[in-house]
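Here chain A shows up in two complexes: once beside chain B, once beside chain C.
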Partner chain A sequence: MNLFGFALGNLYRRPARSSLTIAAISLGVASIVALTSIAWGFEASWQRANDARGTDLIVTRLASENAMPSPFLADKLQATLKGYPHVQEVVGLLSEMLSVGDNAPPVFVFGWEYRSYLWQHLRLIDGHLPANDTDADIVLGSLAAELLHKKVGDSVEIEGRQFLIRGIFDSPAVVENGAVVMTLTLAQQITDKPGKVNILNIKLDDHASDSVIDDFKTRVRETLPGYLAITSGELVRKNAVVRISKAMSNATTLIASLVGALVVFNTMLMSINERTREIGLLLALGWQRQTIVKLIVSESVVLSLAGGLAGILIGIAIAGGLEHVELMRGKIEAVFSMPFLIAILGLSVVLGVAGGLYPALKAARMLPSQALRQE
Partner chain B sequence: MVRIENVALHFDDGKTTALNGISATVEEGEFVAIVGPSGCGKSSLLNVIGTLERPTTGEVYFRCQPYSNIADASLFRRQHFGFIFQSFHLIPTLSALDNVVVATIGCPGPAREHTQRARQLLAQLGLRDRIDHFPRTMSGGERQRVAIARALINNPDLILADEPTGSLDSVSTEQVLGVISEIRQQRGISIVVVTHDPEVSGRADRVVSMRDGKIEPGKEYRQ
Partner chain C sequence: MRFIASAVLALLATLAGQSYGADGSDLPSPAALAETMMLARYSAGFEARMRISSVGPDGKQSTPFKVAVVGQIDSQRERLAISGISPPSIRDHSYAAERTADGRIRVIEYGARLPADLLEIEPTTRVFDSALVVWDMLAPWWHWPKQISGGVDHVDGRDCQNIRSVTNAGTPPIPEVVSCVDAKTRLPWRTQLFDRQHILLRTISTRRTMRMESGAVAVRRLTIADADRTVTDVDVYSGDEHYAISAATFAALDYAHPAAGQAAP
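Presenting the complex of A and B:
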């Protein structure tokens, strides 16, 4: 038996208390894992949609911080931007969350300029892209098709208008997979925003370097008051939904960590109080105070690490479950990276040390003779 | 080996006096019994000798080293003292073997060697087939022998025993005393034992009587 074996034995001695502590920590860690993975998933998913589209820069209204920037009239601005150096295409995009059909949850509806480069990254699984700008034809992401129980040739009603599903596609980004895509003209008609777009997507030619992008941004800032040119990554980080979800995940992390540390603290404090005589004995046997600290902190770290491991599994399960809830399907996507999971385990260790340190120091400071006298 | 000079020990800001100016010595290899009425300060004296309690005034020397100069009392205890208590103080969740090994945690050297030594000691004390038993399944005499093995595992110079037979019947007392005599013969360890039991004090080289935190003059006798 070594120090660690002794620590494990001490935890095993109170199976109910140890399990309850582990359960409490695991719930806290699970909520951190689920919310954080989804918050990151939001960002990653929107970023991937923009990357897949091949968009280099996005021009929006300056003040926009909504989930989607607020719409503006695009005509004149579009013509101006087309004149900038290295610009290949300037494409309007309108997007809205709309109910499709009667009982289905709302989905993203994207309006993309007909025949623009935006359509090129979609991989059609079935059917075709819309044949012209004005026929009431749409394509569905594969997830949206599944959610709405629709196939090519079916029709759906959006904002009181019947649309024919011409094709079903797959996209690298879950937000697009869960969306309905139509031409910009149709989207402007059904949302009653003629001539308006949320953002202009700029595609530069292959020779455009970072300095071209910087020059473009500067020129927009200096010559087009009220507008802003940013990269898709910057847009995503400015996105209110991304920001709110990140703030929520940060707040959850903070609260759950505090609660976790308090749970460990409480458990270890109870534990050393009922083991006072035993700690006095160990001190009398010549245990160094630092060995006592190591013992108690080992016990608390084992508890928190076990809770952390269980919490990761539960958190992954919760995030997976949320992804499949009808309302969320195709809008969220949890992202788990190895560094993230390692950081969570690191956090668990920190919780264990933070919660166990005071009880450990308290135990180590006991006077052996007093502790041995304790009933 | 141990020299106690004018030691006083007060508790509760001086309201309680446990030791009231005691001077005494313990020679190398000596077996000293301390007797006296309840509350006279016997345990306190033992604790002071064992560095479990710091004297309020006075000084104690171990082989000429003053206690006030000891930097690490834990280390000092581990190197020089073995403790035995009336209530055994075994850890209920550990086997006999682990109750002995626990005293070596944090000691230098491989754990396997410590475990090996603990086995040998338990076997020497007649507990070969009790090694994996837990305290609750052992008799009082067996438990106290486990505690003696624990006190011996780090090769102490001095055993400090506080009423070691106080919880034992006469048969177990006989066993434990036998074991203690054997250890003395084999190892030449010094022993200071606090006891009410004439069986125990009868085996000591010297018996010291205490009263009211002091040694009773003229009542000390050698055997």
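Presenting the complex of A and C:
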């Protein structure tokens, strides 16, 4: 039997303790995986929504830290921005989180300028896009339609007004699939924000290079006080919800790592205390102290590695399950990256080594004569 | 940039503002704090949309409803317009309120057809029969000359400074209000309204706050606990810090005569 087999045997001899340790580590790892994947998914979804729309730059209020930037009057700004070099389109967008119907959870309601390029990325599953700017017609994302139990031809009530569902669409971004989309004019009417938008989407022509984008940003900063031109990625990263979810995931990683290391430490320390005579015997038989250290660290690494693997699977299951909870559907999306999952597994190994090192050194420092006298 | 803070402040009587100082160590006098609270409500125009739901003393929940509150508050005028959004039964019903030159709160109730559907009503009228009272929303007690310190208190684990606002002038519907104000953010964590016999009529408590574009902290959710144990939750779900007030916004106030029950163009 080699050293690894010996370590596995030791763990197998105490199944309850080994299982509990693995369970504790796996729960910590699962919470890291679930929270981080949702935080990344939230960022990725908004990023995809903006990318799918074909927006090169976004102009918004400077100080906004809300989920959506504060509304502002668009007319003059829009006209100014249209005069900038390489600008093809400047399109307003208004967004609110509103309840649709009496008992349904709130959903994103987007108002997009009628016939602007923003509509082009939507893939209609059923029905049509709104036929004109002012009719009370809307289109629903596929997830929103499912959540609201609505189909084309049904009507929904938004802010006290009835709307006819003209179409149901699919979008590359989950945030849009869970949303209601109407024309900007209608969105401004029902929210009583005439002429206002949250953001202006800028589409540049094909000749626009990175330096054009940088020049655009500088020009907005220098000539339009109170406003900011940023890429969609920068907007998403500034988003308060994204920042909070990332901070939560970082805090969870830290806490779970500390708890994981302590659990391994406690388990291995107890194991060493119980096996004092056994370790003394091994030393008396001629085992080197280095081999004892390797044995104990191997046991702790096996425990944390098993916990890490189980935790990753549980984390993926939790995040996947949350995506399908009624209240969350269409609002969150879990994104898993292989490097991250490998890093988490690596973290588990580090936890195992860190938690097992002191007990291993303690075991290796024993004198065989004293250890064998231990009851 | 104090607009939304003032908005929600005025509208909910539990408002936001900017800090006094970095460490908040120099607590102002009650009168100074009351004046600051009053000034913090100044806004050229704001809108807040609220979802309101009540649970009666018997545990029965009433039908939730949504209203939009538009306000304009400065040294010359303080006025609010409250419009029903949903359900359909309140859709075309509105209230307009203003603080008159003599400090009285004047409230007009009106329907879709102005000036026909217009009636001056009591300032203590409850908005669509909820615990939300129009008089409270204008927070007139910050104008009262008598502001007395009630010492430091804690509400839901948060420190605040009690201010007792009292008036004997005229016949105000509420003669005494005790507010526990956070001196740093100027958020009143708790506002208690008493009658002439010092019987507690209702308590308004701030439950959740939000940071606005201006950086000020404003009320996001509050609870109104009535003396009869009815509890009403008010949730601000949307808003506009820079609402453009139009001529039509407060037209009902211009149509109405000051005398109760009369209407005129």
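In this section, the second predicted complex is superposed on the first by the 375 of 375 C-alpha atoms of A that agree within 3 Å, B and C clash if a C-alpha of one lies under 4 Å from a C-alpha of the other, contacts with A are read in each partner's own complex, and residues count from 1 in each chain.
Quick note on the criterion: contacts are C-beta pairs under 8 Å (C-beta built on N, C-alpha and C of every residue); 3 or more make two chains touch, one makes a residue touch a chain.
What you see is a predicted model; the values in this text were computed from it and never measured.
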Q) Sharing chain A, do chain B and chain C clash or fit in the superposition? A) fit
Q | Partner chain in contact with A:Lys193 - chain B first, chain C second, else both or neither | A | second
Q. Where does A:Leu313 make contact in the superposed view: on chain B (first), on chain C (second), on both, or on neither?
A. neither
(Q) Per the contact definition in the header, classify A:Ile255: touching chain B only (first), chain C only (second), both, or neither. (A) neither
Q | Computed vertex angle (chain A) for partners chain B and chain C, CA, steps of 10° | A | 130
Q. So, A:Ala79: does it touch chain B (first), chain C (second), both, or neither?
A. neither
Q.
If we overlay the two complexes on their shared chain A, which of chain B and chain C does A:Glu159 touch? Say first, second, both or neither.
A. second
Q. Between chain B (first) and chain C (second), which, if any, makes contact with A:Ala247: first, second, both or neither?
A. neither
Q | Where chain B and chain C come nearest after superposition, their Cα distance in Å | A | 56
Q | chain A partner contacts - residues on chain C that touch it in the complex | A | 47, 49, 51, 66, 68, 70, 84-88, 91, 210-215, 237-238, 240-244
Q | Contacting residues of chain A [partner chain B, same complex] | A | 1-3, 6, 9-10, 12-13, 277-278, 281-289, 291, 367-369, 372
Q.
So in the complex, the part of chain B that touches chain A is made up of which residues?
A. 47, 50, 52-53, 72, 74-79, 81, 83, 85, 89, 91, 93-94, 98, 101-103, 105-106, 111, 115, 150, 154
Q: Write out the stretch or stretches of chain A touching chain C in their complex.
A: 61, 63-66, 69-73, 96-99, 102, 106, 157, 159-160, 191-194, 196
